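First the structure, then my questions, so here it is.
Chains here go by letter, A, B, C, D, E and F, matching the order in which they are written, and residues are numbered from 1 within each.
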Amino acid sequence: MSEKLGILLTTSPENENTHTVLRLAETALAEGRQVEIFLMCDGVYHLNDARLEGLTQKGAKVVVCAHNCLERKVERKSFVLWGSQYDLAVLIKESYRFLSFN
Amino acid sequence: MKILHIIRDKGHELALSTALAQATDLTQKVALLLIHDAVLTRAETLKGLEVFALKDDVEARGVGDVVRLRRMPLLDYNGMLELIFESDKVIAW
Amino acid sequence: MNQVAVIIHKSPFNTLRNSEGLRMAVGLTLEEDNKVTVIFVKDGVYLTGNVAPEKIQSGIIKKHLEALRLLGHRLVVERESMEERGIEEPSVKADVLSSAEVVKILSEADRVIPWQ
Amino acid sequence: MSEKLGILLTTSPENENTHTVLRLAETALAEGRQVEIFLMCDGVYHLNDARLEGLTQKGAKVVVCAHNCLERKVERKSFVLWGSQYDLAVLIKESYRFLSFN
Amino acid sequence: MKILHIIRDKGHELALSTALAQATDLTQKVALLLIHDAVLTRAETLKGLEVFALKDDVEARGVGDVVRLRRMPLLDYNGMLELIFESDKVIAW
Amino acid sequence: MNQVAVIIHKSPFNTLRNSEGLRMAVGLTLEEDNKVTVIFVKDGVYLTGNVAPEKIQSGIIKKHLEALRLLGHRLVVERESMEERGIEEPSVKADVLSSAEVVKILSEADRVIPWQ
């Protein structure tokens, strides 16, 4: 199994974090690494960002905190996994390197 | 052990003081990667540390000449990933 | 064991984010290999005081801290940050450690999540 | 005409600004003042916040920057006016006191 | 002329330096209203200024006793509105 | 005339907000009674340099500044903030004023919008 890069993204698309996470994830995928992104807080607004959907088409796995989506009335999308904090707890343990973008 | 600090905010006090304190332990190799507005951090607050910066983020802010004068290595995203994966621990502030 | 340090360093309530960071810290304990230490430093130390977020419709704090303690995880408050702010002791049960001790925890942790 | 309080709100509901704007607006309305709120940037996410709809029922006027809503794929709601920066330009001139919550 | 500064961030340098500079002009009456985490601003940075704070925001942070010791008037939302409407100019930082 | 001062004081690109603040400033000119002055101070002064936001998919800066100037509104950069950051002169046409002069503009403005 290739080394997995785990990423936590909690800011809205207004933040430069979005660009950095997208570029970093694309580059990692192109290098043949696994990428998993967990969205929570205002990060869940990325469900309406086409660039994130594009990233999943390139092979990234994206999981959201469903609780934060429901709070914000952000609709479920088929390209992301409807998850919970448990998914983050596992990701932070299992990823080879883990980066937080808060 | 190699520790990498990825810093996003200009002059991030807590990140810089943590990195400097860790660097006093000679069994640890400490490096900083400046991204976003952290590329504008004053040189004097970075003394004694190995410092990299993300090229695109430096150029977006129009400070490429200043950063090059300081001989700070500029990385692309491949370089950033290499640094992340070769470090034992990474803290993204 | 996967040692995870969560750093709370921003001022308490300008956003709901600190409450969310603590909810995350509690959530991290759902994977039983994770051993969580929440570190309050800089203006984050105010959250270990006698806060009342319900006055401003803000997020839960104390319940999360209690849960972490009951589940056997660790709360740490940096002494220097408290002293600079004239705070004598935390209102919650937590270890008050020096800045040097906090740095040691961060160096030894497998993962560090600075929250902001 | 009563004195109008104009408010600019540009942050998402994660920010304490939301609580302050709601309480301030409710109090002003109860005192018989006019209140008009302009939402832009992540402030447009308040279209999915029931508390803001409640405020319009108490008499507040709420206008959004439609451009920011479209960018964020935030759906139009009947309780707000679908506006532009011109509405803000007029509000900032006409309100008796103007507060920015950025 | 009465100028009111509403401050939300703790120790907001630019807001405080602007208010202090305006206060040196004696034709202007300058007041500060601290809300949100600005209620935690150090007393020594506020010297020479008329300062109010929003009661709910102070109590939420558990610093009511400290603020009362400093004899800072605590306002409710009616008081806040009164201050806003009686001032000639308001800057909400 | 309704004198409006917009203050840009946060660091340039960590969010899209500075670009949005400038879009707002241009928008304010749509009401012809509004006379707009945009003031760059603290880390906001970097935005008057030779920035290239397209490198990071960030928002428009220069086009907004040009529009404001062409429409007869005013751009001001605080001298002390530039000097502290080792910047010799702005890359855009703007008035470089002292801190005291900036305070005077803020005192005289009918409305002040600090952006962040």
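By our rule, a contact is a pair of C-beta atoms (placed from the backbone, for glycine too) under 8 Å apart; a residue touches a chain by one contact, two chains touch by 3 or more.
Just so you know, these numbers come straight off a predicted model, no measurement behind them.
> Could you run down the chains that neighbour chain A and chain D together?
In this structure, the chains that contact chain D and also chain A are C, F.
> Go through A-F and D-F and name the pair with more C-beta contacts between its chains.
Between the chain pairs A-F and D-F, D-F carries more contacts.
> Take the average of all CA coordinates in chain B, do the same for chain F, and state the distance between these two points in whole angstrom.
Those two chain centres are 29 Å apart.
> Please tell me the distance, in whole Å, between the geometric centres of chain B and chain C computed from their C-alpha atoms.
Chain B and chain C have C-alpha centres separated by 26 Å.
> For chain C and chain F, let me know how many angstrom lie between their CA-based centres, rounded off.
Those two chain centres are 38 Å apart.
> Please output the residue numbers of chain C that touch at least 2 other chains, ranges allowed.
Residues 13-14, 16-17, 56, 58, 114, 116 of chain C each touch two or more of the other chains.
> Two or more other chains in contact with one residue: find those residues in chain B.
8, 36, 56-57, 92
> Which positions in chain D touch two or more other chains at once?
Where chain D meets two or more other chains at a single residue, that happens at 14, 16, 41, 98, 100.
> Name the touching chain pairs, would you?
Contacting pairs: A-B, A-C, A-D, A-F, B-C, B-F, C-D, C-E, D-E, D-F, E-F.
> Would you mind writing out the residues of chain B in touch with chain A in their complex?
So the residues of chain B touching chain A come out as 6, 8, 35-36, 54, 56-57, 77-78, 80-81, 84-85, 87, 90, 92.
> In the complex of these two chains, what residues of chain A are touching chain F?
For this pair, the touching residues of chain A are 14-16, 19.
> Within the complex, which stretch of chain D touches chain A?
12-14, 41-42, 45, 48, 72-73
> Using the touch definition from the top, list the residues of chain D that touch chain E in their complex.
By the definition above, chain D touches chain E via 3, 5, 16-17, 20, 23-24, 26-28, 31, 33, 96-101.
> List the residues on chain F that touch chain B in their complex, please.
Within the complex, chain F contacts chain B at residues 11-14, 43, 46, 49-56, 58, 85-86, 91.
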